[in-house]
Structures are given as structure tokens and as C-alpha cells.
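Consider the two complexes below, in which chain A is the common component and chain B and chain C are the respective partners.
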Partner chain A sequence: MINSSIRFLELTGMNWLIPLVNLMAGRNPKAQITELFKVIGVPIAAFAIFLLLWSVAAKSIVTSLGNLPGPTQTWAQFESLVEEHRASREKEAAFYQRQKYRNEKRIAKGKEPKKIRAYTGAPTFFDQIFTSLYTVFFGFFIATAIAIPIGIICGLNTTIYTGLNPLIQIFRPVSPLAWLPIVTMVVSAVYTTDDPLVPKSFITSALTVTLCSLWPTLINTTVGVSSIDRDFINVCRVLQLNWINKIFKVVLPASLPMIFTGLRLSLGVGWMVLIAAEMLAQNPGLGKFVWDEFQNGSSNSLGRILVAVFVIGCIGFLLDRIMLTLQKSVSHDKTQDIR
Partner chain B sequence: MSQTYLDISGVSIEFPTPAGPFKALDNVNLKIQKGEFISLIGHSGCGKSTVLNIVAGLYDATQGGVILQGKQVTKPGPDRAVVFQNHSLFPWLTCYDNVRLAVDQVFKKKSKKERHEWTVHNLELVHMGHAMNKRPDEISGGMKQRIGIARALAMEPKVLLMDEPFGALDALTRAHMQDSLMEIQAELNNTVIMITHDVDEAVLLSDKIVMMTNGPAATIGEILTVELERPRDRLVLADDSTYNHYRAEVLRFLHEKHAKKDTKPASKIKTDVKKNNDTNNNNNKAA
Partner chain C sequence: MEHAPTHNARTLLSASFTSLSRKLCGTLLCATLMQAGLAFAETEELELEKEDLKFGFIKLTDMAPLAIAYENGYFEDEGLYVTLEAQANWKVLLDRVIDGQLDGAHMLAGQPLGATIGFGTQAHVVTAFSMDLNGNAITVSNDIWKEMKKHVPHKDGKPVHPIKADYLKPVVEKYKADGKPFNMGMVFPVSTHNYELRYWLAAGGIHPGYYAPHKDDTSGTIDADALLSVTPPPQMPATLEAGTIYGYCVGEPWNQQAVFKKIGVPVVTDYEIWKDNPEKVFGVSNKWAKENPNTHLAVVKALIRAAHWLDQDNNKNRPDAVKILSKPNYVGADYNVIANSMTGTFEYEKGDKRDVPDFNVFFRYFATYPYYSDAIWYLTQMRRWGQIAEPKSDNWYMDIAKKVYKPEIYLQAAELLIKEGKLKKSDFPFDSDGFRAPQTHFIDGITYDGRKPNDYLKKFNIGLKGDTVI
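Moving on, here comes the complex of A and B:
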């Protein structure tokens, strides 16, 4: 039990909790407390110092929107965002309740009930987080669906790789801000329906994420496939595996660790790109939140943007941890130290 | 005289290099009968592996060719199963699945039950029935090589090709593996071509020892027929004069007639297993 929970913590990269588990199991308490201080105490101290420096710096920087908010003001804005979210949810519930009540009265009078209208209040900060996550994963999955097959082909065939490599190298460093106008225009031209399933701004943001985040996966897949042990390929040849079996039974599993390294980098890039894309494409996510607050320019705006900064950072960290866990679980060499 | 089973005739191979073609093998001729155990021995870089790869079909000979049971070898196939030096088991599959992959591929027409039984049978043949559900990284080097042999045997090859199968093992494990291989060979009587660096291994296991000259343009120098009674016992043979005569023959060929002329210290020839002067001790869990 203890050992399996330690293995789980190692796999998920939460090594800092291991001494705590050991401590609860009563294993050498003194050493565990020292270790605990080292892995938890030191980061807490560093964070405290950061907060201190931040509050000191904030006091001395005056912007046109007042002082730069310190930790306490930022926290207050976080609480107010939570409060707004709760209020909005209550309003929504009341809105539906009213419609229901009205319809019940109509039915009681023997009239046809009216169609229930959807609530159209502005999305709250927390709604925007989910929009952002939804958008980034949509873009990331398209990127994956493109990058892995092309990467495998490039890894298996040097001629195709030589042909595509210059294109990859040229497009890889392009900023999302450069792609966005083109993507916007193309989406506007191609995606024309009267009753769109998803808004254009969503497609634009997601495709910009795709364009920027497919490269790490593509390059890592190529390297992973092309560096498969020669002997594995020879085993395929001796067994006369057809190409489908070769790819699904040997090439993919063999290069899976590298593919996941690429996917982890891609998701990181995608999340970073998404905020910029949402700002300009006006997709109702975190990027739009930041932009709207910036345009709004109230005395609370900077504090709210700082809340968004921390939330963006924490979600990015969380996504990276999830990918790290996946990466470790597909690694063939369990002794390897992946960070 | 019985008909030749495997005929390597006039095989030469050239590899393109930036400095022009490099001739690795020149006019290699070898006739092998069914059920014979052949060892290829020679200094490193003399093209032993190249001969094996040509028979396997992994390389194409520039001149000459290989004929197996009257048919020319043009591409790799399971009738010439290869045991690779570094086992080359797929690390994401269990030992059972590694062998089963080969069984599924070769015996597509057999029922699932038959394929399962054949897989288990081969794993038990190499005494690895207990490790079926382990992954390759959970077992020792010797055990991995046993699984590699089981995978090759499961293909029911016409010729079993072994590329220094025990080269990466420590001396004790290697001796153990050699005994196991002799046991299996007594039962199945396969046709085997094995590459080795180890003189004792060659004399102990082989019906014929094929000694190769140094490259470039390496070819067969001498063929020594080992006429020792089977089953062979390494302890009894250690004091046997015929055995020691064969050993001396091979050593003389390698160190007098075809000594490596370059100054590199890395002549990998191991002349005496009993000395145990092997640096490869990282795999000495019991095989």
C-alpha cells in the first residue's frame, strides 16, 4: 500500500509528497522530517520571498490605473471573481426558474407553454477557463492527428524527410500572431454556414494553436521513428510483417516515448499560443478575459489580469504534469529520470 | 554424398563508401548439410556477420548467391530465423507476446489454441515457462537471450542463424547457455550457423568450424570438421586430447596464420573460458 502510493507519486512527478507518506508510515521519522523540510520547506520559503518582493515592488510602481496590485489586492480580485461567478449562476438558475413558473401557469390556464429561452448572461471567469481548455485541446488534437502520421512517414523515409525538412524548419519558428490574420481570413472564407455549430473565433483560435503546436510532436516523432534500433527493423523483415503490422506493432510502440515527449512540448506551446490567439480572435476564453480587462481599464483591471496570469500558469503546470505522467508511463526504461 | 541443403556460392559483397566501394567479402563458398551445426570464427571486422546477414537476406550479395533447398534467397524470411546478439526483444511486449508475435506471423493458418500451445511449448523448451508474463527489462541478460532463441525456434526455421548469441553474457552464464543449446540441438537437430569469438564455444558446439581470413575482401581460410561424439560434456572434454587438438588448430589459424596486423589492442578472441577474465559481468544473474 505504502510502496504503491510512493510509486504513484513518483509517476505523477509529485516526489515532494513521498517523505510525508513515509512519515505517516513511521519510517525513520527524523530523516523524513529533514527531507520534508528540504522538498517542501524550501519552495515555500522561496515563494514567501517572492510575495514579499512583489508587494514591495508593487507599492513603488504607479500606473495610470493606480498602483500595481500586490498579493493582497490580487487575492481580493480572485475572491470577487469567485463571487461574481456564484452570483451569475444564481441569476441563471432564477432565470430558468421564472420561465418554468410562467409556463406552469400557462399550462394551468390551458395555454400552450412557451419555448424555454437560453440564458445569455456574460461568461464568468471560470466559464472562460473551460472555454480556453476546450479550445486548446481541440487545437492540440488536430495537431496530433496531423503531426504523428507525418512524423512516422518522415522517420521511415529519408527522401520524404529531406523534402519536408526545410518547410518544417521555416514554419516552426513562426509566431502565432503572424498566423492569426491568415487563419482568420481563411476561416471566414471557408467556414460559412447560417447556423454555425461553433463560433468562428473558436475555430480560428484552435487552428492557430494547431499551427504552432504541431512542430514539436512532428519533429520528435520523426527522430523517434528514425532512431529505432536497427535490429527491431531487422526482426520485422525476418518476420515479413506487412506495413500495417510493422507500424502498429513495432514502429509506434518503439517510438512512443519520443512521441510523448513531443506531445508534452506541443501542449505547452499550444497553451502559451492560445492566450495570444484568444486575445486577437475574441474567442471567449482567458485571452479575451485579459484583453477585455485591459480595455476596461478600471482600478480593478490589473488585479484581475494578475489573477488570470496565475491561473494560466497553474493550468499550464497542471497540463505539463499530466503529460509528464503519460510520458513516464509509456517509457520503456523505467529507471530513466524524466523531469 | 547427400544433396547440399544450404549452398553459399561465390558470394562477394561491396559496400559503397565515400572513398569508393569497399569489398568486405570475396568469393565465399560453403556447402552445408541438413542438421549440421556450423560455427563462423574470425577476428572482428572480418565479415562474419556479413555472411550471416546475406544468408538471412538482410544484405544482398554483389556477386554470387545463397541457395536454400534449391531456392535462391532474395529477401529475409522466417525460414531463416535470426538470433541477434543483443536479443532485440520488443521491450513493450511480455516474453510470451514476443514469441507469440512470431508464431502468429508464421502460423497464420493454425487455430488460436494451437498457436498458444506452440508458443508455450517453445518457451518451455528454453526453460523460460516461468517468465512468460514478464517483460524483457525484468529478466537477466541470459534469460533474454533464451527468449530470443525461443522466438527463433518457434518460427520452425530451415536454418537457424545466430549472431554471437552469447557474446554479451558473462562466462558462467554463457557456459550454461551453451549446454542448453546442445540439449535443444540434440532434440530438434536444426541446421545452425553461429558466429562466435570464442574458440571453446566453437569446438564444443560445432560439427564444422569455418575460419575466416581477415578483411577487407575476407573469405574462408580453413574448414575444420569436429568429430567428437555427442552428447559432449565440457568437463570430460577439457582433458580430451582430440578436443585440445581441435582447439589448438583454431588458435593456430587465428593467431599464427591470420594474426591481426594492426596495433589495436581489441582482439576480442577469448581463448580460455576457465580463466574467467571476462569484463562483462553485468549479466551474471543466473540464466
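Moving on, here comes the complex of A and C:
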């Protein structure tokens, strides 16, 4: 039980909880407490120092929107965002109630009831978080679906790799902001339906994420596949495996660790790119929230933007942890220290 | 439910309490149902072609009729489900109305006219509802104000208003002599702000420059003493602070914000440049208006009610309106900044707060009626500054005004509202022929008669007139 929970913690990258588990199990308390102080106490102290420096620095920086908000003001803004979210949900409930009531009246008058409309109010901060998350995952999955097959082909065939390499190297360093206008125009030209399943802005943001998060996965897959032990490939030859079996039974399993390293990098890039794309293209999401607040220029705006900064950071961190866990779970060498 | 829909519920409820039995509403649940019920009570149902609508707006206080029509449930009363969406700038907004992504929008009065005559984007855009009068001001940076102030006459230690551009002229001339361009910001080539800034500058002898679209010169800086360029309204204060421009003309709250941020001083309001000038309109594409006549009517009905609410009983609802506008999804600036101009005062230099009761007019003086003479004034200014390159006959001005401004739709909506008992006949100018009486309250004392646009143009020293072509 103890050992299995320790393994779980190691896998999820929450190594800092291990001493606590050991402590609870009564294993060498003194050493555990020292360890606990090192892995939990030191980061907490560092964070406290950061908060202190922040609040001191914030007081002395005066912008045209007032002082730069310190930790307490930022927290107050977080609470007000939560309050706004709650108020918005209540308005939403009333909105549906009114529709229901009108429909009942229509039915009473012997008319067809109208279809129930989705809430027309503005999205709250928390709605924007989820919009950003859907978008980044959608873009990331498209990127993965393109990058892994191409990566495998490039890894297996040096001629194709030599052919594609210059293209990959040219497109890889392109900033999302350069892609954005082109993606926007192409999407509006190509994606024309009267009743779109998903909004155009969603497609634009997601495709921009795709274009930028494609490359780490592609390159890592290529490297992973091309560096498979020659013996494995030779075994395929001996067993006369067809190409499907070769890829799914040998190539993919052997290169999985590298592929996941690539995926983890891709998701990180995608998340960063998304915020910039949303900001520039005014597409719904956290980026738009930041830009709108900047435009509002109210005395609360800077605090609200700081809340968004922390939320963006925490989500990015969380996404990275999830990918790290996946990466560790597929890694062949379990003793390897992946950070 | 007790914390529920803030203003919306409160205002609707307080209205309903007077007309309906108070006893009925013992419980809060009942209150909500009443709010819904009231919405349905007297409204005559139009056969709507489209019920889900998306309207665009720019973060300016004069978008208020849209926000109020939404928050007070006037759109829902008409059976409309409206989403309001802030747009990045005026060009994006116009393009999205033209290509149908938006059903309609809060527009600059010059936008439907400019689009219809093909200056900039070419498309037939119409309006049946004027959104407000006045509401703009010209702000200069602190440094320019320091220079300008030396020339401004003072009384009791305060500058005498209106401050004319005559006092800015020496400053501009100094910049010119030093070989430095004197840059100023306005929000769009066909915006009220562009014409107001030009009017004010030209009245003080500062040439704001000509456009020459037939020579592909749309910068508007030919022969200019002051170089005007486009900046989106919410970015005006930041651009001024960065020193890219020395002054700007924009709507509220972006002048008051310059005062609060201590980065600039508003010198003159558009009320002083031209008393009760028409400002924004609610614009839709002609195609949309043709396809959705009843929906258009329903929208205009809701907007008229909203405008009426905004000016009702001597502006008593303004503080509530400011609270709504200061929400981040509408204008989003601080309550105090918005309240400064919306509640009948205007702060010039920090601390120099003066009463301007008509700074924002939404309904009084038949503000919402789309007058042909308002349209023609904008056309005269387009001609004056070369956006209309060729000379045009008086009839041409009339024809374009009729093509874009649709008072007949407005009056139809007004009649429905009167029939429903929501407004009175005297609230609307039913006997108007579409022209306001000749208007005299301009900063340079020139009289404007909308029936004689070419004669009007001849009265200006600076500006194209008659047969002149750049």
C-alpha cells in the first residue's frame, strides 16, 4: 500500500509528498522531517519571499491606472471574478425561466412553443478558461494527428526526411502571430456554412495552435523513430512483418518515449501560442479576457489581468504535469529522472 | 433568487409595482415570473424573420441604448434574443455588418453614408435609428495644454469656454517651424470625431488636410498643418501617453480617462463645437433590412424604449445606466470616469468640473429620429475635406440621405409603441419633413441649412466648395 502510493506519487511528479507518506508509515521520522522541510518548506519559503517582494515592488510602481496591484488586491479581484461568475449564472437561470414562462403562455394561447435559446449574456472569466482549454486541446489533437504519422515516415525513410527537413526547419520557428492573419482569412473563405457547428473564431484559434505545436512532436517522433535499435528493425525483417505490424508492434512502442517528449513540448507551445492568438484575433478565451481588460482601463483592470496571468500559469503547469505523467508511464527506463 | 438580475429586475419590477397589484408578489419566485410576465403583457407580436441576433459595439458610453435594451429586457419583450459583442475597431465592425457576421451595430453616423457612397468599403448600409447627440470631446496632452494655456483668456482664474483652436495655432506653428509634424488622433476617416476635430481646427485657422480618393490618397493630409491619423477609441489615452499623438477627438469615457490618468486635458466638447450634433446611429446592411423588415422594426422599438429610459425624468436613470456600462463586458471603465460625463457634468482640467447637462442626449430633442439634414451635414463635410472628390448637386445630397436614412421605419416603430401605450405621440416628430430648422449653434457662428448643402460649403474659408477638385 505504502509502496504503491509512493510509486503513484513518483509517476505523477509529486515527489515532494513522498516524505509525508513515509512519515505516516513511521519510517525513520527524523530523516523524513528533514527531507520534508527541504522539499516543502523551502519552496513555501521561496514563495513567501516572492509575495513579499511583489507587494513591496507593487507599491512603488505607479501606472496611469493606479498602483500595480499587489497580492492582496489580486486576490480581491479573483474573488470579484468568482462573484461575477456566480451572478452571471443566476442571470442565466432567470433567462431560462423567462423563456419557459413565455413558452407556457404561448402553449396556453394554442401557439407553438419557441425553441429554448442558449444564454445570450457575456462569458465570464471561468467560461473563458474552458473555452481556451477546449481550443488548445482541439488544436493539439489535430497537430498530433498530423505530426506523428509524418514523423514516423520521416524517421523510417531518410530520403523523405532529407526532402522535408528544409521545410520543417523553415516553418518551425514561425511565430503564431505571423500565421494568424493568413489562418483567419483562409478560414473565413473556406469555412462558410449558414449554421456552423463551431464558431469560426474557434477554428482560427485552434488551427493557429496546430501550426505552431506541430513541430516539436514531428521532430521528436522523427528522431525517436530513426534512432530505434537496428536489431529491432532486423527482427522485423526476419519475421517478415508487414508494414502495419512493423509500425504498430515495433516502431511505435520503441519510439513512444521520444514521441511523448515531443507531445509534452507541443502542448506547452500550444498553450502559449493560444493566449497570444486569442489576444490578437479577439477570439473568445483567456487571451481575449486579458486584452479586454487592458482596453477597459479601469482601476481593477491590472488586478484582473494578474489573476489571468496566474491562472494561465497554473493551467500551463497542470497540463505539463499531466504530460509528464504520461511521459514517465511510457518511458522504458523507469529509473531515469525526467523533469 | 434575491441577488438575481440586479438592475434589470429592479427597474422592471419597480415599474410593474405601480401598474400591477403589489400583493400578488409576496414571494420572490413570483417576482421573477412577473418580470417575465410583464415582458409579454402588452407587446404586440410581430412575425419575426429572425430571432437570434448579434449586434456589435465599440466601448464608448454612447452604446448605452444597446446595453439598456438588453439589460432591461426590451429586446426580449420583442421576442428577440440578442448577443452584444464588443468589436476591436470601427473598420472590423463595419466589415462584419456588411458580410453578415453581425446583424447590426452601433455605428458612426458617417459610416453608413461613407459605405453607401463608396468611400472606403463600398456597401449599401442603412439606419432607422440615431443613437444619441453630442458625447465627444477634444483632448490635448499636458505639454500642449501648458503651451496653449498661455494664449487662452481667463476669467476668475479659470479658462473661458469654449476654447477655440485659435489658441492652439501658435503651438502648431511652432512645431511646423521646428520641422516637427503635429500629430493628432481621431477614430475613423468617416467618423464624427474626424469632422468635429477638422471643424474645430479649421475654425481656428489650422488646416487639417484634404483627402483625394481619386488619386488614391486616403491619408487626408494634403496641405495639412495638423496631421490626423486613426486610433481605436479605447487606445487613445495610451497612444497620447506614449507621445505618438499630441491630442485627439474621441467619445466618452476616453476624454475623462485622460483627466483621471493625468495624461491630458480635454479642451472643448463637441457640444460647444456644434450644439446637439448627431453622433452614432444603429446601422444594418440594406440586404439585412430588406430580408428582415419585422425584425428591424422590433429592434428599433426596443432601442427607442432604451433611449427613452436613459433620458426619462430628467436623467434619473443615468446612475443605474452608468453602473451597467461600467461592467467589463460593456464599456468597462471605472464608474467615476463614466459617471463624469453621463450624469451631466464634464471635467476639463483636473478639478475644473463644469455642468454640461446635455453632454449625452439619448432621447430629448427627438435625438433618435434619423433626420435627413443630419445625413446631409456629414455629406457636406465629406465634400469639404475631399472624401467626395467631385462636385455634387443639392439633389444628389438629398438622394443619398434618403437612400441611407429611413425615418419611415422609425415612425412605424414609434406608432407601434404608442399603440402599446409605452410612449406618447408627443415623443416623436410625426410632422417633420426630415429637416431640422436651420441650425445656428456652431463654434464659428456659421448657419447650417440642410436643404442647401452647396451654399453651406461656400461659407467656409478652409475647405473644398463649388467646382474645386484637388
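One rule holds in what follows: the second predicted complex is superposed on the first by the 324 of 339 C-alpha atoms of A that agree within 3 Å, B and C clash if a C-alpha of one lies under 4 Å from a C-alpha of the other, contacts with A are read in each partner's own complex, and residues count from 1 in each chain.
The rule is simple: contacts are C-beta pairs under 8 Å (C-beta built on N, C-alpha and C of every residue); 3 or more make two chains touch, one makes a residue touch a chain.
Please read all numbers here as calculations on a predicted model, not as lab measurements.
S.K.: Could you check whether chain B and chain C clash or fit when both are placed on chain A?
M.R.: fit
S.K.: With the two structures laid over each other on chain A, which partner does A:F232 touch: chain B (first), chain C (second), both, or neither?
M.R.: After superposition on chain A, A:F232 lies in contact with chain B alone.
S.K.: Return first, second, both or neither, reflecting whether A:E79 touches chain B, chain C, both chains, or no partner chain.
M.R.: In the superposition, A:E79 contacts neither chain B nor chain C.
S.K.: Report for A:L241: first if it touches chain B alone, second if chain C alone, otherwise both or neither.
M.R.: Touch partner of A:L241: chain B, not chain C.
S.K.: With both complexes superposed on chain A, which partner does A:A254 reach: first (chain B), second (chain C), both or neither?
M.R.: first
S.K.: Which partner reaches more residues of chain A, chain B or chain C?
M.R.: Answer, by number of touched residues of chain A: C.
S.K.: Upon superposition of the two complexes, what minimum C-alpha distance (Å) separates chain B from chain C?
M.R.: Here the least C-alpha separation of chain B and chain C stands at 53 Å.
S.K.: Looking at chain A, which of its residues have contacts with both chain B and chain C?
M.R.: Comparing the two interfaces on chain A, one with chain B and one with chain C, no residues are shared.
S.K.: Using the touch definition up top, name the residues of chain A that touch chain B in the complex.
M.R.: 229, 231-232, 234-235, 237-241, 245, 249-250, 253-254, 256, 332-334
S.K.: Using the touch definition from the top, list the residues of chain C that touch chain A in their complex.
M.R.: Touching chain A: residues 1, 3-6, 8-9, 32-33, 35-37, 39-40, 51-52, 59, 70, 73, 76, 79, 81-84, 86-88, 234-235, 237-238, 241, 257, 261-263, 326, 328-329, 331-334, 337 of chain C.
S.K.: For the complex, which residues does chain B have touching chain A?
M.R.: 56-58, 75-78, 80-82, 84, 86, 88, 90-93, 101-102, 105-106, 137, 155
S.K.: Which bits of chain A are touching chain C when the two form their complex?
M.R.: Going through chain A, the ones touching chain C are 64-65, 87, 90-91, 93-94, 97-98, 101-102, 105, 114, 117, 120-122, 282, 292-293, 295-301, 304.
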